[in-house]
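My structure is below; once you've seen it, I'll send some questions.
For reference, chains read A, B, C and D in written order, and residue numbers begin at 1 within each chain.
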Amino acid sequence: MPLAEKGTVISNHQTGRDLWEMEFLAPGIAAESKPGQFVNVRLGDYSDPLLRRPLSLYDVEPDAGRITLLYKIVGRGTQLLSRYGSGQLIDVMGPLGLGFDLVQNRRVILIGGGVGIAPLLFLTRELVARHNEVIVLHGTGSSDELCSQGRFSKLGVEYKVATMDGSSGYKGLLTDMMKEALEPLPTDYIYTCGPEPMMSAVAAYASQHGISGQLSLEEHMACGVGACLGCARKLKETDTAYVKICKDGPVFPLDAVQLSTGGS
Amino acid sequence: MNEETRENLIDMSVNLGGLKMQNPVAVASGTFGYGREYQDFIDISRIGAVIVKGTTLEERCGNPAPRIYETPAGMLNAIGLENPGIDVFLNVYLPSLIEDRVTVIANIAGNTVDEYALLSRKIDKHPGIAGIELNISCPNVKQGGMQFGTDPDLVKQVVEAVKSETSLPVIPKLSPNVTDIVSIARAARDGGADALSMINTLMGMAVDIDRRKPVLGNIFGGLSGPAIKPVALRMIYQVYKEVDLPILGGGGILNTRDALEFIMAGASAVSIGTGNFVNPVVAEEIALGLEKYVTEQGLTGINELVGAAVL
Amino acid sequence: MNEETRENLIDMSVNLGGLKMQNPVAVASGTFGYGREYQDFIDISRIGAVIVKGTTLEERCGNPAPRIYETPAGMLNAIGLENPGIDVFLNVYLPSLIEDRVTVIANIAGNTVDEYALLSRKIDKHPGIAGIELNISCPNVKQGGMQFGTDPDLVKQVVEAVKSETSLPVIPKLSPNVTDIVSIARAARDGGADALSMINTLMGMAVDIDRRKPVLGNIFGGLSGPAIKPVALRMIYQVYKEVDLPILGGGGILNTRDALEFIMAGASAVSIGTGNFVNPVVAEEIALGLEKYVTEQGLTGINELVGAAVL
Amino acid sequence: MPLAEKGTVISNHQTGRDLWEMEFLAPGIAAESKPGQFVNVRLGDYSDPLLRRPLSLYDVEPDAGRITLLYKIVGRGTQLLSRYGSGQLIDVMGPLGLGFDLVQNRRVILIGGGVGIAPLLFLTRELVARHNEVIVLHGTGSSDELCSQGRFSKLGVEYKVATMDGSSGYKGLLTDMMKEALEPLPTDYIYTCGPEPMMSAVAAYASQHGISGQLSLEEHMACGVGACLGCARKLKETDTAYVKICKDGPVFPLDAVQLSTGGS
């Protein structure tokens, strides 16, 4: 059952270009959390910014009551978030949304683009616990956005990187690396989160090879609980109904979603 | 008399044109779903009234995405009245609200006067609803909606038609997108309204300068939140002075002090919309905050404060 | 072509219905005094145009205090058109602005159509003014002011009367407190307006819950600042689509991105009001910011962006 | 000439109940400042709170380029102000308004109520430099609001306190103490700042004894420079014109102003 909690910030520091990590204590939320779910965070005490900001559960240690977020500073809310200091209270609602389905005893690939890596760490932890062979592919623009290596390594999984500028790992698109990285061994399941054109390429690859999987979507949110009907999206253009990303998602089957392939 | 004894004598209940609320704090239509969405966060039986999502005769799938956008101290929404239709509401969503002993106010929107009448008839026949809020002010749908709320004659017609179908308290919800709110309020009264709900959202928009397009799929949306509070207070003040009907006031309320501003400007009860998104327990907090204020000020009830700031 | 050469070819000037501005950024009436108040902070000759404080035929001493109040992302003002009268403006305040080579737009308010005409005649006779903004939308004075701006017939009459007295560009400033902004804009065009200024403030109020009174001495005041930006953008977008007149757009602009929203929604130039209080050099910053944007986007001038987001 | 400057915060700490002191470097403003003038401070980076906040120059050391503010946390702006840390930049316009007239070689009394003491410290410094005998009377509710003692003592002036609860100095109203404190020696000039009912009693006493002097007024402000005509006030009820506190004041002659005597 989700709840609203005042978390106590443990630490909050920069870990890469525009990337920050915040740890806070929120035992109630931590106890309920599943990979792929998110929290909705209120920032500041004033009316601007007004709405909460949705952020994935990057890591959760239920026993310690500890939650970690990985966030990229893109606007006013995330900027304010970076100013919280240890000991301060932070107003959090969660865990919200439906998380990832957790497979067992499989060879699974997790593909994260940029800060889309966020929901995949907690997922990795849980997948490892379920005896899966986990391979994580992470693509960014440059090596200074690769801040998660240590955390993934600690979980003992394979973690491969691609950077557009070649400053680390494979030089080029993550999805180009993907093809090389995944074959010839068979992949049983794919989880992905990142820019839609990237996820679109992943979904195409998966469909081509008959691999099932899940992805995580984003939409601007207000309530985060399905009450405002704001975070609506048609999964396929031909659908008549809109799903609500906050409640029906943010995780959806790879083949259920028609993704933007880029352009504008 | 000590504080504790006095507290027992304090009357926080409100009679909104025949609609009884245990406390003056309602949650506004479209911001609280059908009550169940926030159930994990708040004991909804403690809320004065839950005004459910705007309901139409037939199911509506709503407007294209994006539907919401944050603005300075406010937000735009263009949901487009997505809802499952009146029958599903009455048969599927309402029962659990009744079970939870919630005071439920229906919110209806029609494309024609007849549709408003038909919706009201269906509701009237169905036990468990305490009142009907008429959404004649939704800026986000092409047909129906706002044009009803901006023309005094149509307002009167709609209210009359609804009143003839139901004995429930009827509360038209006024659009702020008008030159003269008082004339609209008078028309609603002349049509037989039992109370007035004000204000709905201001019509606004935002531009995505990177894409060089309107942000919202619907281009225009309704502006809500603290940004509109001064406009809401002004209109409530004007109407309170000129029209003798109880007012359910809202627009940007985030806390007890905001609610007191509305009550002193003439609102008999308040509604919280966008505030729920900011703080899911805000309705309960404000109900308690108002009770504390009334106690501390040595008043006998919230009613003593209604219109206290009107000169 | 490298960036530097291109920059020289970029045209940031604006022609607002015959009124030429070196750049698209004006400072709004009532927020910049007569220019001299901010002289220590900003080189006023760099501003596209200075719209001076609203001026009446006779001196006015304005409304009782308190006159201003901060609201969420906005402020209320009820200055009540305090000004020394048209003759003092022309003879005492104008000369130093002319000396500083500022593009000056007068802003006038009358109690009657004749007063508007008389004010315009005086201005027309006096060299040094680039255009006349007609304040037909001031919510803060009893007589005159807003009622002119909410009635299409009166709008047309006022504009016609002024046009017959002056060959200067005439720019009615529209009130947002109306049901149908497009019909008001059409009436202004039919009266012969050369451009439109929009929007003036939304009428609002605030309650002092401790004193249980309206905060402002005048009870009601005009809401300005970022809070009203979505409403301003919506009205400009609507009018741009329907009425073929250049628009001087404003309402809540604080930075270059805000200004770009207005331009893409249909404004040919922008005005900064409350933003000056927040940042006294904002007008110059935005003028430079717009030039930078135009350069970076490889455009030839700001005009290319006007209405770019209008579908 | 006033200017807008990004000051660098040196320190910012609590010195009494709800009372804080902030020191910052703003050499341009410091060089121009006179006692009784004020700065208009922008707080936060967002639209709420929106307007600047006027605060008196508590102390100014032009050579060091240093300005000190003394402020009481009463609302959102002052709350935000208290969160600034050393090294942060603060957006300040000043010096604004007309300061106090500075007399010479006199016996002058400075009377501050609560945080109304703020403009009187810098004034004391300048009056001492002009060979005046300065007596400072400061009244507050309780001793925990008396945070300025040390600073006044350093300037070598007589500093007497009154507290409503008697926790320090004279017990009772500052204005009651005033009568005892001032007589029998003659007073040449009075400067005062504080709640209007207090200043009203001071003005009545001054008028009774034929002493001239000045007071400092407050009004909500937007521009701070005379452009918006927002901070208007009729000095006397019979006046037809409104003065602008930010430009014509905040300092006015004691006998020019009809003050609120309390009540509501």
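Quick note on the criterion: a contact is a pair of C-beta atoms (placed from the backbone, for glycine too) under 8 Å apart; a residue touches a chain by one contact, two chains touch by 3 or more.
Small disclaimer: the values here were computed from a predicted structure and weren't measured.
Asks: Can you name the chains that touch chain A as well as chain D?
Replies: B, C
Asks: Which chain maximises the distance between its CA centroid and that of chain C?
Replies: Ranked by distance of C-alpha centres from chain C, the top chain is A.
Asks: When the centre of a chain is set as the mean of its C-alpha atoms, what distance in Å lies between chain A and chain C?
Replies: Chain A and chain C have C-alpha centres separated by 46 Å.
Asks: Return the distance between the CA-based centres of chain C and chain D, expressed in whole Å.
Replies: That pair's centroid distance is 36 Å.
Asks: Two or more other chains touching the same residue: where does that happen in chain C?
Replies: 72-74, 225-227
Asks: Multi-chain contacts only, two chains or more: what residues does chain A have there?
Replies: Within chain A, residues 46-49 contact more than one other chain.
Asks: Classify the chain contact graph as line, ring, star, complete or other.
Replies: complete
Asks: For the complex, give me every residue of chain A touching chain B.
Replies: Going by the criterion above, the answer is residues 1-4, 42, 47-52, 91, 93, 219-234, 240-242, 247, 264.
Asks: Over in the complex, which chain A residues touch chain D? Could you list them?
Replies: Per the stated touch rule, the residues are 44-49, 76, 79.
Asks: Given the complex with chain A, which residues does chain B contribute to the contact?
Replies: The touching residues are 30-33, 37-38, 40-41, 53, 61-70, 72-75, 77, 79, 82, 211, 225-227, 254, 274, 276-281.
Asks: So in the complex, which bits of chain B are touching chain D?
Replies: Against chain D, the touching part of chain B is residues 72-73, 226.
Asks: Which residues of chain D touch chain B once you look at their complex with the stated criterion?
Replies: 46-48
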